[in-house]
Amino acid sequence: MKSKLTTMADAISRFVEDGSTILIDGFTHLICFAAAHEIIRQRKRNLTLCRMTPDLIYDQMIAAGCASKVIFSWAGNPGAGSLFGLRRAIEKQIPGPLEVEEYSHFGLAARLIAGAANLPFYPVQSYLGSDLPEVNPRIRTVTCPYTERSIATVPALNPDIAIVHAQRADSDGNTQVWGITGIQKETAFAAKSVIVVVEELVDSKVIRSDPNRTLIPGMVVDAVVLEPLGCHPSYVQGYYDRDNDFYIAWGDISRDQSSLDRYLDEWIYGVGSRSEYVEKLGPDDVSRLKAELVLTTPVNYGY
Amino acid sequence: MAASYSTSELMVVRAARELLDGEVVFVGIGLPNLACNLARHTHAPNLTLIYESGVVGSEPERLPLSIGDPCLVKGAAAVCSISDVFQHYLVNEKIDVGFLGAAQMDRYGNINTTVIGSYENPIVRLPGSGGACEMAIHAKRVVVIATQNLKTFPETVDFITSPGQNSKGRSRLEWGLPGGGPAMLITNLGVFKFDSESGEVILTEIHPGVERSDVVNTIGWNLRVAGDITETPEPTVDELRIIREELDPDHLYI
Amino acid sequence: MKSKLTTMADAISRFVEDGSTILIDGFTHLICFAAAHEIIRQRKRNLTLCRMTPDLIYDQMIAAGCASKVIFSWAGNPGAGSLFGLRRAIEKQIPGPLEVEEYSHFGLAARLIAGAANLPFYPVQSYLGSDLPEVNPRIRTVTCPYTERSIATVPALNPDIAIVHAQRADSDGNTQVWGITGIQKETAFAAKSVIVVVEELVDSKVIRSDPNRTLIPGMVVDAVVLEPLGCHPSYVQGYYDRDNDFYIAWGDISRDQSSLDRYLDEWIYGVGSRSEYVEKLGPDDVSRLKAELVLTTPVNYGY
Amino acid sequence: MAASYSTSELMVVRAARELLDGEVVFVGIGLPNLACNLARHTHAPNLTLIYESGVVGSEPERLPLSIGDPCLVKGAAAVCSISDVFQHYLVNEKIDVGFLGAAQMDRYGNINTTVIGSYENPIVRLPGSGGACEMAIHAKRVVVIATQNLKTFPETVDFITSPGQNSKGRSRLEWGLPGGGPAMLITNLGVFKFDSESGEVILTEIHPGVERSDVVNTIGWNLRVAGDITETPEPTVDELRIIREELDPDHLYI
């Protein structure tokens, strides 16, 4: 079979088209900034960006003019304040208007649970007494055929492209994740195309020594990209810590569009790839964030 | 004699004392995280900490700066998916206590974290629900922590993100909400409970050195005050030591 | 807190009452015969037995007269033929009548998925063109509020007691499973009470060195029983192999009630506990089934 | 010249040749398992084997004696829950080929594995559906393997466990069934396909040494026979060697 291994530049240009609905996943963990930066560099436009937490990654893409719509459930800078890029787009239409489709965390997660299970809808025990259904016509209800009670529903979400960062995969795309796994598995099974980005490419024997650790099987993966430190300033359990200094600094960087533009020029347009970004970051930051070694107790798969 | 302490420290200690040993708590970042870990280090060693990110039985070695901080995972009892943490834990009624913040809260504990102004053309776009709407619906009880001013406690909120004791004229029973909803409000000025009949918030404790008028004048409605109102108990030296030396040595939240 | 550690005899007598709805889980793997044998010894009656695959474990309980109803989706001897105990009860009411409630695999799994998620029903894209809904009134339909199409539903299943066998747990009941995990996680979260039975009781540090491996958290576990070889003749990945000779022999043992009764007398009523059963099994069988050592490649949880 | 072989070996080889390299197959125990692993060892090295028990990309070192044999797990690419294997793989239309057995099958490929006689008072209680109903509905195509006699192929089946090409007078399109349903039937006497219009089974190949009358007389309806009927191709020496020496050295199924 044709190899799935490729570069980030090739994967983004092949799979992400203007107007695509994309989901770069990772719930506060494994957030693939390397993919977002390449999308910004390739000046993709009119994207619908889906994520439970837009985080800095979508704040940057929105400020860079890549997005016409965002589907989300919590739009803050985790632990550190506001997403000014996203707010400027919604409050002041800068750099352009941004359509908003909003859920609670469980509501948006349920859209992906349904998408992965090939269900047209998912029932969610939520939204009673809240104003959210009044501003989102996609939140509807069904009557339970057993209790006769009404229960809220959300429709399936099937993104055109899912980009999932992980600790390791083999060249077939069998992908293993540990630490916080978020909604990555459902996202991969819900999406029409899947790009996996990893810190380490490993021999299939390593993956197959622990099959329960595999979150995403190669059969649903279209491309595999090796991109060490691909999540900075986010983190990868067992590899490097979250750059909290940067998350806090983002408040000042993003508070006005001009300083945010300067960041885009210097750190995204100003570098050609993630490896150049890492070089620019410098060895001090890289070693400051490097993870200590805390290994698991092995288990036996013999019979 | 009590040591000197900040208002944040008083709020953290007061929240911690609301948590019972053996309970399961859905933890948030900031003061709630400090309160839960303080309780775990003092009177509630068997408190189970669950973070929205899917970490169960977490015992963080350092102060987590986000809901998904890697320090929450290392040494935890379990990590599960977002799908499972909401379905198997929160919606499945395994959560005893949840914490919520509020940009706005009304007299019934209806909370707005979505927009200031109109939804279509907001003056301020707030982060939105996250898991707050589900926590307000499913947790057995909810503790609200907020900074008190007229903007925070208006007569009516601009948007109901998370339902309180009475939403849009209907009680939780009438809505069929399974959880208990807001049970306590802790602000920088006092401590409040919710009336079991009317569902209205009632001032029950005033922080040391705070005037009752300060509390009443920063609430946007005619605030009900308990007959047996007391002074908020002060932190002990030991509680302060744990907060300052073990939980938040860099004083990020206190 | 009060310790959850106890003996099988105590756990069964405390949690399993006549008339209870119980689920001894494990999809062809981790089937806790030790629990079934203790239930038979304690002569529990009128139980509703739920399992996707009744397997030999429920064939024995039905033949011993413990059950008045079985809820299942495939009732065969996996890889080896018929369940004659179950068939005698259904075809000839021996030793007594047995009510049957039947689904397809996904239908019954979905009942537990709903039970674990506290959903009153679960939508399943199944049963179109099949006669199964005609013989099971619990299979109903809802209309999708987005596609307007009808979709089949099953109601939530919340057993009174779930008994789950696993490789290892700590004394708080934090339970880790690898190899085939079946529907164990959903079963544990759906049940009102949970008994965990393990091959090894380990220090909490072992569990916490690999939190993603934990399938069932201690907070939903009521009792922990240490019972090595508790699954024989079924198997435990990494500990011992399936005793296929016995599964094949079961056909002859169970073909008539008298020979099946002789088995119950000798191997269940005739022994006081699982350890006596293992002793009776003898060192040759135990060593014949012992698993070889095939360890996982450890992963790093540091930051 | 061809070596001598058993009918089971002929059936296994014929089924294996239906599997294309790169396809994803839902494997059953017995002849289907032998067919899938034979294909993987010959013309389809990139065949992905999925077992109903949740094992994905299995490469068993020995002959699995049940759907959950530990040899399926060791060295597999992934193991997932029952919930996931049905929802994310089968219902989510990731399965190209599934195998089904049949106690009874009618002319449209409707399969009974539930009861002989009435459901309420069965003469023989069969195992039931297992995952067969879902496979018949969702797999892109289904290969049925059965032993041929009048009991197995009656005019009408006692119970429809798994829908075929036309069930209760309605086509798959009219039912809205997403998968392709039965595409091939392999018995001990011949090989059959299903007519794309009527959905009726058609005899297309007869095994070497079998008389056409033997096939026709053990079918409970007026069997349709293809105009271009051929003889089932015989196993090669290499295929037989792999089956006998690598896949089923103890000759349990052959």
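Letters A, B, C and D name the chains as they come in the text, with residue numbers starting at 1 for each one.
Basically, a contact is a pair of C-beta atoms (placed from the backbone, for glycine too) under 8 Å apart; a residue touches a chain by one contact, two chains touch by 3 or more.
As the structure is a computational prediction, the values presented were derived from the model and not from experiment.
If you compare A-D with A-B, the chain pair joined by more contacting C-beta pairs is A-B.
Centres computed as Cα averages put chain A at a distance of 37 Å from chain C.
The mean-CA centres of chain A and chain D are about 40 angstrom from one another, to the nearest whole unit. A separation of 28 Å divides the Cα centre of chain C from that of chain D. Contact with two or more other chains is made by residues 55, 70, 73-74, 79, 87, 91 of chain B. Listed for chain A are residues 118-119, 125, 149, 178-179, 181, 185, 209, 212, 235, 237, 241, 291, 294, 301-303, each touching two or more other chains. Arrangement of the chains shown, judged by which pairs touch: an irregular graph that fits none of the line, ring, star or complete shapes.
Pairs of chains in mutual contact: A-B, A-C, A-D, B-C, C-D. Chain contact summary for the complex, chain C toward chain A: residues 118-121, 123, 125, 140-147, 149, 151, 153, 155, 167, 176, 178-179, 181, 206, 209-210, 212-213, 235, 237-239, 241, 291-303.
The part of chain C that touches chain D in the complex is made up of residues 27-29, 52-53, 72-76, 78-80, 82-83, 86-87, 90-91, 102-107, 109, 113, 125-132, 135, 149, 178-183, 185-186, 235, 237, 241-242, 244, 247, 291, 294.
By the touch criterion stated above, chain C contacts chain B in their complex at residues 1, 116-119, 172, 174, 185, 189, 204, 207-209, 211-212, 214, 217-220, 301-303. Note for the complex: chain B touches chain C at residues 22, 24, 46, 48, 55-57, 70-71, 73-79, 84, 87-88, 91-94.
In the complex of the two chains, the chain B residues touching chain A come out as 29-30, 52-55, 64-70, 73-74, 79-83, 86-87, 90-91, 110, 114, 119, 122-125, 127-134, 137-138, 159-163, 167-168, 170, 172, 175-178.
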